[in-house]
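In what follows, structures are represented as C-alpha cells.
In what follows, subunit A forms one complex with subunit B and a second complex with subunit C.
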Partner chain A sequence: METLKDYIYTMESCNSCGQCRFILGPKSKGREFVEICPIYSRYLYESYSGQGLINTAQELLEGTLGYGDELIKHIYTCTTCGACDINCKSVRDMEVLDTILALRAKCVEDGQGPMPEQRKYAEYVEKQHNIFGEDHDQRFGWLPEDTNLSEGADMVYFVGCSTAYLYPDIARNTVKIMHAGGINFKVMDAEEYCCGAPLWRTGQLAEARKLAEHNLETFTKQNVKTLVVSCAECYGTFKGFYPRIAELDFEVLHITEVIQRLLREGKLKLNKVLEMKATYHDPCLLGRLSELYIPWEGEIKAFGYHDPPKKFRRGTNGVYEAPREILKAIPGLELVEMIRNAENSFCCGGGGGVPTAFPDFSLWVASERLKEAEATGADVIVSCCPFCESSLSNAIDKSKSSLRYRDLTELVVRAI
Partner chain B sequence: MSLPRCIYKIIENIVGPDNINDKEHILTAYRHWSPQSPQKPPSPAAIILPGSTQEVQSIVRICNRYNISYMTQTSLFGMGFPGPGTVILNMRRMNKILEINETDRYAVIEPAVRHVQLKPEVLKRGLNYPTASVGPSCSVLANFVASGDHHTQHGSSRVSRYIQGVEWVLPTGEILRLGSLGNDAGWFCADGPGPSLRGLMRGWNGWGAGLGIITKIAIGLDAWKGPRELPVEGHSPSYKIHLPRDCHRIHIFKFPDLDKVRDAMLEIGKAEIGFAVLKFFYATEAVMYTESANDFWELWNSGLYQKELSYALWVYLACWSPEELEYEERVLQDIVDEIGGEPVQESIRKKYEDNPDFFIMVSFLQRTLKLGGGWSPTKLGGDSVRHMFEVAKSIPEFFYDFIERGEILNAPHNFQIIPMEYGHMAHIELLFFYDRTIPERRQVTAAISLKSMETDIKHGYHAATPAHGKTMMEKFGPLWSNFHVWAGKIKDTFDPNGVSNPAP
Partner chain C sequence: MGTLETLSGFAEALGRVVKPENVVSAPSILEEYSNDISFVERNRPLLLVYPESKDEVKKIVELANESKIPLVPVSSGVPHFHGDTIPNQSGIIVDFRRMKRIMKIDSVSRCVMIEPGVTYGELIPEVKKHGLKLNIPLLPRASKSVVTSYLERQPVLIPKYQYDYTDPLLTLEVIYGTGDEFRTGSASGPGDMEHLKSDKVNPWGPGSIDYYRFVSGAQGTMGLVTWATVKTELLPAIQKVYFVPVTDAGQATTLMNNLLRKRVVDECLALNNVNLATILTDDWPGDYKILKNDLPLWTVIICIAGYQRHPEERMAIQGKYLFDICKGLGMRPQSDIPGAGSRGDSILELLSNWWDKEPYWKLRKKGACYDIFFLTPLSKASEFINLMKNAYSRYQYQFSEIGCYIQPMVQGRGCHCEFNLPCDKSDTNEVAEVKSLFMEASATLIRNGAFFSRPYGPWADMVFSRYAEGVTALKKLKGIFDPNNILNPGKMCF
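Up next is the complex of A and B:
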C-alpha cells in the first residue's frame, strides 16, 4: 500500500491555486454555499484545507515541522470528505485525499496518531469486530426471525456496524425492499466484521487491513458475487480501500443502485403518495469518493506524464443519479437541490473519525449543511448513510430545526 | 523570524485570539514552495485575519510603530511574496458583497469575495464584469488592483478601467477614499473631483501589496447577454454548459500567417462585433481542454494543435437576438473570407461550445498548472494591436534557444494577444512550461524574462511588464525610462517606514 513518500509529486506540485477550497465555479449560484472544505470554513486559516494538509505532510517528511499535540489535532480535524480532492482533480492530476490519509497513517506509524478517542475503534474491533464495542453476537439482532434468506444466493447484504447497532431500521427497510423486489440474498451472520472504514480513515491501516482480509476471505468462501450495502461508508471502503488489498472479484452495490435497477426493470413500484418537499444530501463515500480505486505503479515523468497512464478517481461517476431517480419516482415528493450537491456536496461532519474526537466541530459542520438544506425550502433532508443520519439528526435536534431527516430506504418502504 | 510577543499581544487585542496565529503548523501553508516560484519563500512571522477596515487600519499603524513589514494575501495564488519577518494579513474574513447596484451598474465588494461568488450574483441580475484569467477561487478585488488581463477585454476593457470607488488603507494607516466616495457621493466614480489617484493606486500592474491595503472597491458592471444562470450538465471535470445557440456562437479561424491574424483582429474591432476576440495560446489551450497531463501529451504529440492553432483567432459572439447574431456572423464571415481565413477542425471549436465558461469565468484556468506546476508568463505588456503583433514576431529571437536546450516545452507560438475596447490597444502574454522536477529549471523564468526584455529594448518594443519589488525595479528600471525612480518616490512618500510589503 502507498505511503506518504508516494505522494511527493502531489506535495511538490501544488501551486496553492485555491481550487481545493471551493466548488466548481460554474456550479455556484451566488455568494453563499461555495466553500467546500469543512475545516477551511470553520478555522479560516489556509493551513486548514487540502492544500494546507499536503503542505504539512511535506514539511513533516522534510523534517522542517515536528510533531506536537496541536499538529495532531489539526491533522485529525479533517473529515476526510474528499471535497478538496475532487475539486483539485477537476484541474490537476494530484492525490490530495490520499496524501491526507497517508499523512494520518504516518502519524500512527510514528506513534503520534490517531486521537485517543479514535484508538478505541481498534480496541473494540479486536474484541467485538465492530467499532462500538457492542456484542458481536447481536450484530444481526435486528433481523426479523421470519426473514426469508437464501443460503445458496451469491448476493450478500453487508449490514455494517453503524446500521446494525445504531440504525437497524435502515437494515430492516433494506431487507423489505429486497424482498419486495424478489431478490434472493443472504447475510454473513457472525462472519461479517466491520468494513474497516473508521480505521482506514484515521490511519490505523494494520487493523483496517486485518478486517478487509477477513471479509474478503469470507466473501470468497461464501462465493459472493454481489455485495449490497446500505451504508455509504461501507460502500466507499469496499470500492476505495479493499482494492488496495486485493483485486475485487465481486460487484458492490448500494441499496439505491439496487432500487434503481428494480424500478427500471418494473420489479418494484412506488405507488403511495408521500407529500413532501425533500432535498437530497450526497454522502461523500457514496458520491464523489465512490469510484473504484485502481492501483497504479509507475513513474511520473517530466511535465507530469504518468507512465503507465493512471486512471484517476475524479468523482465524475459517483452514485449521484440512483437516489435522485428513486426520489423522483415517489408520487407527491418534490425534489429540490442544494447548491452544493453531487460531487460538490458539503460534508455532514460524520466522517474521518471526527464525531468521536471532535464532536463540537462535527456538529458545526452538520449545522452548516442544515442551513443549506433549509435554504432550499425543503421540509425533509434525505440521505442514505447511517453516519450522515447520525450527524444530521443530531444537528436537527440541537438546532431545533423544522427539517426532518429521513433515510431513503424508509421513504421507499413507505411508498411501496 | 518570529513576531515579538508584546506585538503579538497588541494585535491579538485588535482582532481577537482566534484571528492571529504564529504556530508552525499554521504557517506551513503560507511558506510552501510553489513550483511556479524560483525560490522558497521565507516563513511569515504570523498570520492575521482582520475583520474590518478599522482592524486593518489598527494593524497597519502597529506595524508602522514597531517597524514590522506586512502584506496581504487572499487567494495565495498570487505574485506577492513576503520577505522574512513579514506578517500576512489574510483578508479572508472580509468577504461581503456590500452592494450590487443594478441601476448604476456597479458592485461593491470586500477583498475576499471570489469570482465563484460574485460572478453568479451579477449574472442572475443580467450583468457581468470582466474576469481576469485566474480561476474562480481567486479574489475579485485582488485581480482588479493587480494585473487583470482577461479573455473578453475585446468587448470591454482591461479590469483597471473598471475600478470605481475605492477605500484604501494607506501604508501608514490613513484611510483614503478615492473619487466620488471621498465626497460621500457614492461608489460610481474613482476619479475626481480633483486629480485622480487611480494610477498611483493601480497603474498598469499594481503594487503587489506594496502600497497599502485596498479594503473595499467598486467595480463597473456590463450587460450580460446570456442566461441568468449557467445551464451546467454533468459532473466534474466532464461537465458541459450549452448556451442558447441562437444568440451565442464560438468560432475559431486559422490564417496563413500572423499578419493575417492581426488584420482580422483589427477588422473585427473596427466592425465592433464580438464579445471576445483573441489570439490564444495553443499549448495552454491543449492543457486546459484535456483532463490529465497524459491526455495533453497525446493531443500535443498528435501535432493537431500546432497545425491548426499556430495562427488562429478565437471569436465568441454573444448577442441579444438571433437577428443580431446573424448580422455579426455575416460581418465576421466577410472579414474572414476577405483576409483568407478558414475554420479550424470542428473538434477544437466544439470544446469551446461545450465549455464557454472559458470566456465567462475562466472556470478551469488552473488546468494550466497540470504539467507538474512549472509554468510562467512573461511580457504581459500592452500597446497597440499592431505593436503587439510586431512584438510577437520577435519572440523566436530569444525563445527558440530555450526550446532547443530542452529547458521549456516546445511551443514557440504559445503567446496570446487580446485586443481591448474593440482594438484601441492590446495585451500580449508569452507563456511557457518547464519541468519543475529538475531544480535548476525553476531559474528559467528569470532567464526568459531577461532575454524577453532585452529583445524588447533592442527593438524599442513596449511589451514587458515592470517587475514588482525594489530590487527588481532597480535592476530593470533603466531599461524602461528609469520608471523605478518615480516608483521609488511614490513608494517613499506613501510608505515612509517601508513596511508595506517591502518585497525581497
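Up next is the complex of A and C:
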C-alpha cells in the first residue's frame, strides 16, 4: 500500500491555488455555500485545508516540522470528506486526500496518532470486531427471527457496525425492501466484522488491513458475488480501501442502487403518497469518494503527465442518480437540491473519526449543512448513511431545527 | 508569377478591410521582420498589415483562409529574440502594434484589459496611477507587448502571486484560424460584451476546458488574441530590497525554496555576477569588468513589501521571517550588494520597470545574445547549471561571460532557469561557435530532463521528437482551430 513518500509529487506540485477550499465557480450560485472544506470553513486559516495539510505532510516528511499535540489535533480535525481532493482534481492530477490519509498513517506509524479517543476503535475491534465495543454476538440482534434468508445465495447484505448497533431500523428497512423486491440474499452472521472505515481513515492501517483480510476471506469462503450495503462508509471503504489490499472479485452495491434496479425492472412499486418537500444530502463515501480505486504504477513525468495514464478518482461517477431517481419516484415527494450537491456535497461532519475526537467541531459542520438544507425550503433532509444520520439528527436536535431527518430506506418502505 | 498575382490580389483585398496605409509592402520595412537575434533562418515576409480592431483581424483571417496565405502575428517592437515572428513560409506579418487601447483598469478586481499592442513601457505607468502594479518579467524592453509576454509565459518576478504557469494571464478574446471569434474563461458569457456581468478574471472554462491554454505558449499558431485581461497586484505602500550573496546556484535555490515555501517574500530571483553587473553598470563598458569581479558569484534578490493595511507590521513580520530563515541556512540578508557600492539602490526601481536604456541590457556586451531557458524544480537547477558548464568546457567560449538567471515560478514549485550567451554577430567564427554550443547544450539539457516549455526555433524538433503522443494531440487541436494551417505554419510541431 502507498505511503506518504509515494505522494511527493502531490506535495511538491501544489501551487496553493486554493481550489481545494471552494466549489468551482460555475457550480456556485452567488456568494453563499461556496466553501467546501469543513476545516477551512470553520478555522479560516490556510493550514486548515487540503493544501495546508499537504504542506504539513511535506514538512513532516522532510523533517523540517516536528510533532506536537497541536499538530496532531490539526491533522485529525479533518473529516477526510475528500471535497478538497475532487475540487483539486478538477484542475490538477494530484492525490490530496490520499496524501492526508497517508499523513495520518505516518502519524500512527511514528507513534503520534491517532487521537486518544480514536485509538479505542482498534481496541474495540480487536475484542468485539466492531468500533463501539458492543457485544459481537448481538451484531445481528436487530434481525427479525422470521426473516427469510437464502443460505445458498451469492448476494450478502453487509450491515456494518453503525447500522447494526445504532440505527437498526436502516437494517430492518433494507431487509424489507430486498424481500419486497424478491431478492434472495443472506447475511454473514458472526463472520461479519467491521469494514475498517474508521481505522483506515484515522491512519490505523494495520488494524484496518486485518479486518479487510478477514472480510475478504469470508466473502471468498461464502462465494459472495454481490455485496449489498446500506452504509455509505462501508460502501466507500469496499470500493476505495479493499482494492488496495486485493482485487475485488465481487460487485458492491449500495441499497439505493439495488432499489434503483428494482424500480427500473418493475419489481418494486412505490405507490403510497408521502407529501413532503425533501432535500437529499450526498454522503461523501457514497458520492465523490465511491469510485473504485484502481492501483497504478508508473512514472510521473513533466507537468504531471502520468505514464501509463492513471485512472483518477475524480468523484464524477459517484452514486448520485440512484437516490434521486428513487426520491422522484415517491408520489407526493418534491425533491429540491442544495447548492452544494453531488460531488460538491458539503460534509455532515460525521467522518474521519471526527465525531469521536472533536464532537463540537463535528456538530458545527453538521449545523452548517443544515443551514443550507433549510435554505432550500425543504422540511425533510434525506440521506442514506448512518454516520450522516447521527451527525445531522444531532444537529437538528441541538439547533431545534424544524427539519426532520429521514433515511432513504425508511421513505421507500413507507411508500411501498 | 501566380504567387505575385495572388499576392497583389491579396494586398488589394487587405486594403479593403483595413486602412490602405496599414498595408505595407516596402521591402525596407519588410526586411525588419525577416530576421532577429535567434538561430532561425532569415525569411522575408510578403506583406505587412496593421489591424486596428477585432473586426479587421477577423477579416484578415478570413482572407488568409480563402487565399491559403500564412499569417505571422507580431505585437512587440524590436529586438526580437526567439525566431517565432520570422515567417517559416513566405507569409503576411500581422502587426498588432496599432491595437494599443488600455480598455479598462479595474482596481476592485485588480486587473487590466488591454489590446495586444500595449507595451510594458505604456502600461506600467498607467496602472501605477491606479495604485496597482504588474507582476513583470525581469527588465522587459519598453516595446515588449504585455499580452505577448504573458501569452508566451515569460517568467515574472513575484512567484508568490503566481498560481499557474500562465499567471497573470486571465481571459482572452481570440480569433481562431477558422475565423471564429471566441472569448475564454468568465469573459465567455452569458451575454455579449456590453451586457457581460462578469469581471473577466476567471481564466478557466467555459465548461470544463481551459481554452486559454490552447493559445498560451503557442507562438501564434492557434489563434490571434485581440484583447486580454491580466492580473495586477497592489502597489506597495512601502517596500525594501535585500540581497543575499552566495557562492553557488545550489545555495541560491535552497534559500529561495525555503523562503517561498513559507510565502515570505514578493520579488525573488537569483542572478549570477555577469548578469547583475550587466544590469547595474552605468558607465559601459568601463565599469563592467570591475563590477563583475567585485560582485558575489551569485546574488539572491528579495523584496518584502507592505500594502494598504498595516504595512509596517507586515514588513516587520516578513523581515523577521526572512532573517530567521536566512540565519537557519547560515546566510544573512544585506541592504547593499557587496562590491556594488551604491548601485544596489537602483535595484528596486529596476525590478518595477522596463529597461529604459539603449541597447537592451542583454545586448550591452556584444550586440547580440542567445538565450537558453527551460523549467525545472528549484532543487534541480544547479544540476543543470553544472551540465551547462560541462557542455561549454569543450568550447573556446568563455563561460565566465555567460549570464545566468534563476526565476522561481508558481510559489517556487518550479523555476525558470536561463543562460544568456552574448555574441558578436559580426564575427562569423564566434557566431558559429555560439551556435554549436547553443545546440549541443540545449540537446544535453533536454536529454537530462530540462523542460523546454517554450520550444522556439531549433528547440521545437528537439522537444516534439520526444513527445509523439503530445504531438498527435496538438495536431488534432490545430486541425480544429486552424484547419488550413494559416497561423504561423512551421512553428512548434505544425
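The rule we apply is simple: the second predicted complex is superposed on the first by the 416 of 416 C-alpha atoms of A that agree within 3 Å, B and C clash if a C-alpha of one lies under 4 Å from a C-alpha of the other, contacts with A are read in each partner's own complex, and residues count from 1 in each chain.
Definition applied: contacts are C-beta pairs under 8 Å (C-beta built on N, C-alpha and C of every residue); 3 or more make two chains touch, one makes a residue touch a chain.
All of these numbers come straight from a predicted model, not from anything done at the bench.
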Subunit C versus subunit B, contacts on subunit A by residue: B
Partner chain in contact with A:56 - subunit B first, subunit C second, else both or neither: first
Which of subunit B and subunit C A:302 touches, first, second, both or neither: both
First, second, both or neither for A:343, with subunit B first and subunit C second: first
First, second, both or neither for A:161, with subunit B first and subunit C second: neither
Partner chain(s) touched by A:91 [first = subunit B, second = subunit C, both, neither]: both
Partner chain in contact with A:314 - subunit B first, subunit C second, else both or neither: first
Touching partner for A:102 - first (subunit B), second (subunit C), both, neither: neither
Which of subunit B and subunit C A:16 touches, first, second, both or neither: both
Footprint overlap on subunit A, where subunit B in one structure and subunit C in the other make contact: 12-18, 24-26, 55, 90-91, 302-303
Subunit C residues within the subunit A interface of the complex: 162-164, 186, 202, 204-205, 207-208, 210, 261, 263, 375, 377, 410-411, 413, 449, 451, 453
Residue ranges of subunit B touching subunit A (in the complex, touch as defined): 18-19, 21, 23-30, 32-36, 47, 49, 75-77, 90, 92-93, 97, 113-121, 124, 135-138, 229-230, 232, 234-239, 241, 291-294, 297, 357, 360-361, 363-367, 369-374, 409, 433, 435-438
Residues of subunit A defined as touching subunit C within the complex: 12-18, 24-26, 55, 90-91, 302-303
Subunit A to subunit B touching residues, read off their complex: 9, 12-19, 21-31, 34, 44-47, 49, 51-52, 55-56, 58-59, 65-66, 68, 70-71, 74, 86-87, 89-93, 302-306, 309-310, 312, 314-318, 320, 342-344
